[in-house]
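Which chain is which? They are A, B, C, D, E and F, in the order written, and residues in each are numbered from 1.
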Amino acid sequence: MSDSWLPSLKTDTPQAGFELAVKLSRMAVKITQPSDDVRSHLRAAYEQDAAQLIAASQVVAVHFQTVAAANNWWR
Amino acid sequence: MSDSWLPSLKTDTPQAGFELAVKLSRMAVKITQPSDDVRSHLRAAYEQDAAQLIAASQVVAVHFQTVAAANNWWR
Amino acid sequence: MSDSWLPSLKTDTPQAGFELAVKLSRMAVKITQPSDDVRSHLRAAYEQDAAQLIAASQVVAVHFQTVAAANNWWR
Amino acid sequence: MSDSWLPSLKTDTPQAGFELAVKLSRMAVKITQPSDDVRSHLRAAYEQDAAQLIAASQVVAVHFQTVAAANNWWR
Amino acid sequence: MSDSWLPSLKTDTPQAGFELAVKLSRMAVKITQPSDDVRSHLRAAYEQDAAQLIAASQVVAVHFQTVAAANNWWR
Amino acid sequence: MSDSWLPSLKTDTPQAGFELAVKLSRMAVKITQPSDDVRSHLRAAYEQDAAQLIAASQVVAVHFQTVAAANNWWR
């Protein structure tokens, strides 16, 4: 976590904002479970599990609210 | 993800905004599980599962908040 | 979905806004599971399941936030 | 649902607002499961279930956000 | 619930606001399950259950949003 | 909890704000389960559990909304 991975919440487009929301979702998991090996192992399972995919997309949705507000909804 | 699928959060009507929220919900799943085959397989199961349908509609609700704010609630 | 079912988020009263939030919750499920038969079948089960009733009421709560904001909280 | 049960989101105090949030949470369940008998039966079970009590308190929290905003946070 | 337990959402510091959010989370459970004995019994179990601890901290997070907004984020 | 652990919601950068959101998520768990031993034991299990990692990252997402708003989205 020593490197800078989140210099700004500003993005040029809504789509880039959505991709940032996906990144934020993954970083929270990475901070809690820093092992790349364990995360890869878990991902292989949950990518086949609809309930977990939906839960993950809920996290993206909450982060997208934040990023959209930061960008004044790209109005 | 190379194509542009989210040029704007603006929609003409609340209903078009709701449909955009549904699209955003699906894109988050698609980014995490890019295989069309796997997603089709999972969808066949969860469409019969009330708990997962409710969870999916929760994601839509969060995205609809974002889209509605972006459109100043179509006031 | 071709008919217009959401012309506006404006309602005359908070109670009508709450009923609109319930409608929005149901429409998200309907878009994902369009079969009336399947939804009726699922509803018969989940209406007897406290966890699912609570989850459904959470979706209503999120939509009610959106509708209330759209109506400037009926102040 | 024909009676008026939600004339306003305004309350005199934060505490009355919290009680309104509890009421809103219960009304969403009541609309989905109108039978008093079934709800009483379900409540007897979920009142003994920590996971469901926590889920119910999450719904209250979301409604309390709405009510608090409607009252300009009783500032 | 006859006593006044929530006179205001204002707190002197963010930390006091966080503690108020914890209190709000507990009050919602208390209103649904008023028995101190039952709640103590449930708490002994869920304090050992990571999933329920996380769910409880989600409720705190939603209430903290409300309290922080009420205090203009202690800016 | 007697020490001051949350003097402000202001951070210099979005990344520091994200780290504060992680801290807030952990403090809510710590307040409910103050035993370091029990939390360490629970963490060892949930770090291997995708569903719980996703749930934890949802809590971070909600707190990050609060911190981002407190910092005017670092605009």
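The criterion applied here is as follows: a contact is a pair of C-beta atoms (placed from the backbone, for glycine too) under 8 Å apart; a residue touches a chain by one contact, two chains touch by 3 or more.
None of these values were measured; they are calculated from a predicted model.
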Touching chain A and also chain C, the following chains: B
Other chains in touch with both chain C and chain F: none
When chain B is superposed on chain E by its C-alpha atoms, the rotation angle in degrees, nearest 5: 180
Copies chain E and chain D - interface residue numbers shared by over half, same or different: different
Greatest separation from chain D - chain, by CA centre: A
Computed distance of Cα centres, chain E from chain A, in Å: 27
Inter-centroid spacing, chain F versus chain A (mean Cα positions, whole Å): 16
Inter-centroid spacing, chain D versus chain A (mean Cα positions, whole Å): 31
Residues of chain C touching at least two other chains: 49, 51, 55-56, 58, 62, 65, 69
Pairwise touch network: line, ring, star, complete, or other: ring
Ring of chains, enumerated from chain E in the sense that reaches chain F first: E, F, A, B, C, D
Residue numbers on chain A that touch chain F, as the complex places them: 1, 4-10, 24-25, 27-29, 31-33, 38, 42-43, 45-46, 49, 51-52, 55-56, 58-59, 62-63, 65-66, 69-70
Chain D to chain E touching residues, read off their complex: 13-15, 18-19, 22, 47-51, 53-58, 60-62, 64-65, 68-69, 73-75
